[in-house]
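Below is the structure I would like to discuss, written out as structure tokens.
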Amino acid sequence: MSEVAPFAEQILEFFDNPGDTPYVIEHRHEEFTSVCPMTGHPDFGTITVRYEPAAVCLELKSLKLYFHAFRNEGMFFEAVTNKIRDDLARTASPVWLQIVTDWKGRGGVKSRVIAPWGDVPSAFGGG
Amino acid sequence: MSEVAPFAEQILEFFDNPGDTPYVIEHRHEEFTSVCPMTGHPDFGTITVRYEPAAVCLELKSLKLYFHAFRNEGMFFEAVTNKIRDDLARTASPVWLQIVTDWKGRGGVKSRVIAPWGDVPSAFGGG
Amino acid sequence: MSEVAPFAEQILEFFDNPGDTPYVIEHRHEEFTSVCPMTGHPDFGTITVRYEPAAVCLELKSLKLYFHAFRNEGMFFEAVTNKIRDDLARTASPVWLQIVTDWKGRGGVKSRVIAPWGDVPSAFGGG
Amino acid sequence: MSEVAPFAEQILEFFDNPGDTPYVIEHRHEEFTSVCPMTGHPDFGTITVRYEPAAVCLELKSLKLYFHAFRNEGMFFEAVTNKIRDDLARTASPVWLQIVTDWKGRGGVKSRVIAPWGDVPSAFGGG
Amino acid sequence: MSEVAPFAEQILEFFDNPGDTPYVIEHRHEEFTSVCPMTGHPDFGTITVRYEPAAVCLELKSLKLYFHAFRNEGMFFEAVTNKIRDDLARTASPVWLQIVTDWKGRGGVKSRVIAPWGDVPSAFGGG
Amino acid sequence: MSEVAPFAEQILEFFDNPGDTPYVIEHRHEEFTSVCPMTGHPDFGTITVRYEPAAVCLELKSLKLYFHAFRNEGMFFEAVTNKIRDDLARTASPVWLQIVTDWKGRGGVKSRVIAPWGDVPSAFGGG
Amino acid sequence: MSEVAPFAEQILEFFDNPGDTPYVIEHRHEEFTSVCPMTGHPDFGTITVRYEPAAVCLELKSLKLYFHAFRNEGMFFEAVTNKIRDDLARTASPVWLQIVTDWKGRGGVKSRVIAPWGDVPSAFGGG
Amino acid sequence: MSEVAPFAEQILEFFDNPGDTPYVIEHRHEEFTSVCPMTGHPDFGTITVRYEPAAVCLELKSLKLYFHAFRNEGMFFEAVTNKIRDDLARTASPVWLQIVTDWKGRGGVKSRVIAPWGDVPSAFGGG
Amino acid sequence: MSEVAPFAEQILEFFDNPGDTPYVIEHRHEEFTSVCPMTGHPDFGTITVRYEPAAVCLELKSLKLYFHAFRNEGMFFEAVTNKIRDDLARTASPVWLQIVTDWKGRGGVKSRVIAPWGDVPSAFGGG
Amino acid sequence: MSEVAPFAEQILEFFDNPGDTPYVIEHRHEEFTSVCPMTGHPDFGTITVRYEPAAVCLELKSLKLYFHAFRNEGMFFEAVTNKIRDDLARTASPVWLQIVTDWKGRGGVKSRVIAPWGDVPSAFGGG
């Protein structure tokens, strides 16, 4: 799925992991918006990226720009979540990674998608 | 129990699972209403559907219409919860499924029913 | 302890479990009141009943009347909790049962009592 | 440490455990105050006592008076917590016991101390 | 990394552990501020230190001064967290230690870093 | 507008005002539901009735049944609010009356309608 | 109405107003319970007494006992509120008085009654 | 300012005011987004429209589409607020109108703009 | 009343008002404790001091020490509030002053006392 | 007072007021920090600027930089508030202006300063 826009490799940047010992980084983007592919109406959500860095860490500003690039893309909740998981796992090569997306309600229904990659510790298993 | 209305097979729709890797989807419907079979008074609740998709995902709008179809049905809390579990497990054939229903208070008592199907991960065991 | 009032067998009613698969039911009564046996002052609390039904389910209105019957009984927090556990386990014969009572503060101290019966799943172990 | 005031044996009272089956009791005192031994300034905190009773239960009013007796004692957070743990374990001989103290901030720092005694169930391990 | 300012050995003070039995201490500093090394803009966060003391405990006022010493240092979130972990583990020699940093949002992204040292009990594994 | 269902005169009941001095009564019904006349989708809201009684007070159970009677009626938010105002003012003849309706969001928009009748005191002017 | 139980003159006590300058006293009792005169079911509410003392102040413990005396009386919300207003105004002779009662929901309806006596300042007009 | 996009006259629809007596309507759109004209970064906010209808009411779905039309427009907070006020006042000709916009923080600063039109009642003066 | 301890003149300090234009200062002390003169039990509350300074401002650290001096004094809520009002008005000679005290519950009753001095602006009239 | 740093004229920028009709702008900066002139310890607070623009509006990024310039200045709460009021009134010449500063607690005391300039509407009089 990762050959469609946004093009992760052209936006995301990384810096060397400053730690010698394993640790966990979490970024929560509360202003994510994309477009429903059926109705064209905007969707709004919060994206949480949680990972244990290996050689590199995600540079925060480039991660924000990567999220902004979804603004006018038409994708289902499940597809957005799977694409972010695949893009970040492929480009950052972390020890493990977990993406949690929380979507504002449509017609009285709120949705959440939890996508793990690699061996996510049990403490984070519920998202 | 699933031969009574609402008729899940006639309402629910599905789309192909867009992911290659296991992940979890959760839909929370905060505007569920049905009718008490004893008193005829309306009941109000929140229905949470949590599952790991296999071949297909639940289409969100059809799920909402399925919930709306309970509006004038007279059923106990426990029966509503078991019927939703059975209907969704039978039609979506997920890897696992969990239904949690939270009911507004009647006479100072609030109720919750947690119904699992298949091997629900321990992180979600408490509902 | 269960030979003192309220008399569970005379108040509680049951209906046949409508489910074929194991599931959990929780009722939270936020308007419980009894009387302190030492001072005669009223006590106020919330009673949570959590269980996996076997053959029968607790009928909600009779459960509420059972709770109301404590209104003018003088009992300690610990005794109330143990009596409810014993009464419900004896009359409903569930697979397992857990009673959690949360009491409003007296002189700056709030209390909670957690009483299990049978094999309560670990997800509910902390009350 | 338990030979300094307050003198637990002279204040605490107990009553016979009314239950036949294991259960957990928790008392949370939100109005604890003692004095900083360095500056003489008052400290304020919440003390949580959580235990499984053996032969006896802590009488609530005497527990409150025991907490009041710290009012003008000069002790560090860590020493208060350890003393309460030692005093209650020694006098009540519970199956297990856990003391959690939460202290209001001083200069932008809030503190918590978690002191177990015996085999605290894992559900309470995080305090 | 610990050869850069702030110089932990020159600021931190310790006192003898007053307890005979294992227990956990947590300090949460809600007024941490440092500077972004890229933009020079201030960063604000909350630092949680959680540890089981061995021979000594961290003296609270010196810990606060240690945090204040970061005020005009330019460091990334990940580097701040790793340095605090390394400094406290090296100087306090605890049984185990965990640092959790929560950073206020920049451009709609909030971050959290969780850095363990030694064998952190599973109850604290999620930060 | 009051000639359409629900028929207030056939449902509402009243009892004699027990007070000699002016006072205010407020009833908040948090489980109101009607149907959108355009789409047929259910609407959910909270209805607040605030009034100074003259000769009679609204009987609470009949008021609840009056609200239930809207369950399958198709009406706009503004029309529901105006009809309730007109029905209650006409049947209860209060000194003054105010209806406030708060509607759950549709597509990210939440609505509120505030309808006064007679001389509502300024303290309640904002709803 | 004040000739029915509870008998305010036999329970309430007063002490001399310690202030020389006008001021306002507010007591909020969150554990009020009485009985519905129609169904016999318990009602629960919060009673707020707000007044400017003249010669005497309400003694707090006797006020609590006065509230406790309603425990098994069958009265409507409106009657309870008017009786408390009349009893306190008659026995305490304040400069002004306001009673606000907030009642837990019955069948999805929560109620509030606001009863003034004398010239309540506009800042408190909304209850 | 109203000659720039979005073009209110082409999007907004109206229906006849169903009420005979003055009343207030409020719509709160929590998913507003536009673009900063300086940086091109997205802005997110909540728009509240509050008005007393004259001949017509704003149709809710068209109002939502009007808000969606700002999605890719570059405008300052103050300009967005003034344009919405001018557009709605010109097309709906209400008795009075008030627009309140609440913007998510940028660099630790949150903003609010309150724009009245006509004689807004004092109860709404603070936004 | 101000001749009893604590002795305001011996504790409070002041600094010159740094402003040329009228403005309001508010200090909220959330850790106030004194003793009930009847039972000897500790009372806990929050004290809010709100005033418009004239020639001098209250020095914050001395105000804190003044509050600490009540720690072991036996006084009613009303007397504490009136004494603080009189002490601060006499020693600081502000343009106006308002003291609001909020007391933790005793037996299910929470209290608040609002004591003005001079011409408190109407915006603060409700405390 | 405005001749000390930060130098408002050198930092603040303005843009032309885009509105033809009076309206109110509010900016809330939640990450303000300065230094106590007595102890050298950092102070943290939230600064709210509320004003009706005349010819110009405050440019948001320059306002943020102006607040950042206080980072290492030693000033009392009251002096900070008065300086911001004087600086913004002098440079922006608004119709009216109000500064509200809320400071995190020191030793259990939280402070707020409310400084008006010109004729602040009564709706904002309480800060």
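Labels A, B, C, D, E, F, G, H, I and J are assigned to the chains in the order they are written; within every chain, residues are numbered from 1.
The definition used in the following text is that a contact is a pair of C-beta atoms (placed from the backbone, for glycine too) under 8 Å apart; a residue touches a chain by one contact, two chains touch by 3 or more.
The shown structure was predicted, so the numbers you read here are calculated from the model rather than taken from an experiment.
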- [ ] Count the C-beta pairs in contact for D-I and for B-G, then report the pair with the higher count.
- [x] D-I
- [ ] Would you kindly say which chain has the C-alpha centre located farthest from the C-alpha centre of chain F?
- [x] E
Task: Whole-Å separation of chain centres (CA-atom averages), chain A against chain B - done: 27
Task: Separation of chain A from chain G, taking each centre as the mean of its C-alpha atoms, in whole Å - done: 56
Open item on the list: What's the distance between the Cα centroids of chain C and chain F, rounded to whole Å?
Closed with: 38
- [ ] Name the residues of chain D that each touch 2 or more other chains.
- [x] 30-31, 41, 44, 104-108, 122
Open item on the list: Taking the touch rule as given, give the residues of chain E at its contact with chain D in the complex, in rising order.
Closed with: 15, 17-31, 53, 57, 60-61, 63-64, 121-124
TODO: Would you tell me which residues of chain F are touching chain B in their complex?
DONE: 30-31, 33, 41-42, 44, 68, 71-72, 104
Open item on the list: List the residues on chain G that touch chain B in their complex, please.
Closed with: 41, 44, 104-108
- [ ] Sort out for me which residues of chain F touch chain H in the complex.
- [x] 1, 76, 78-79, 81-82, 85, 105-117, 122, 125-127
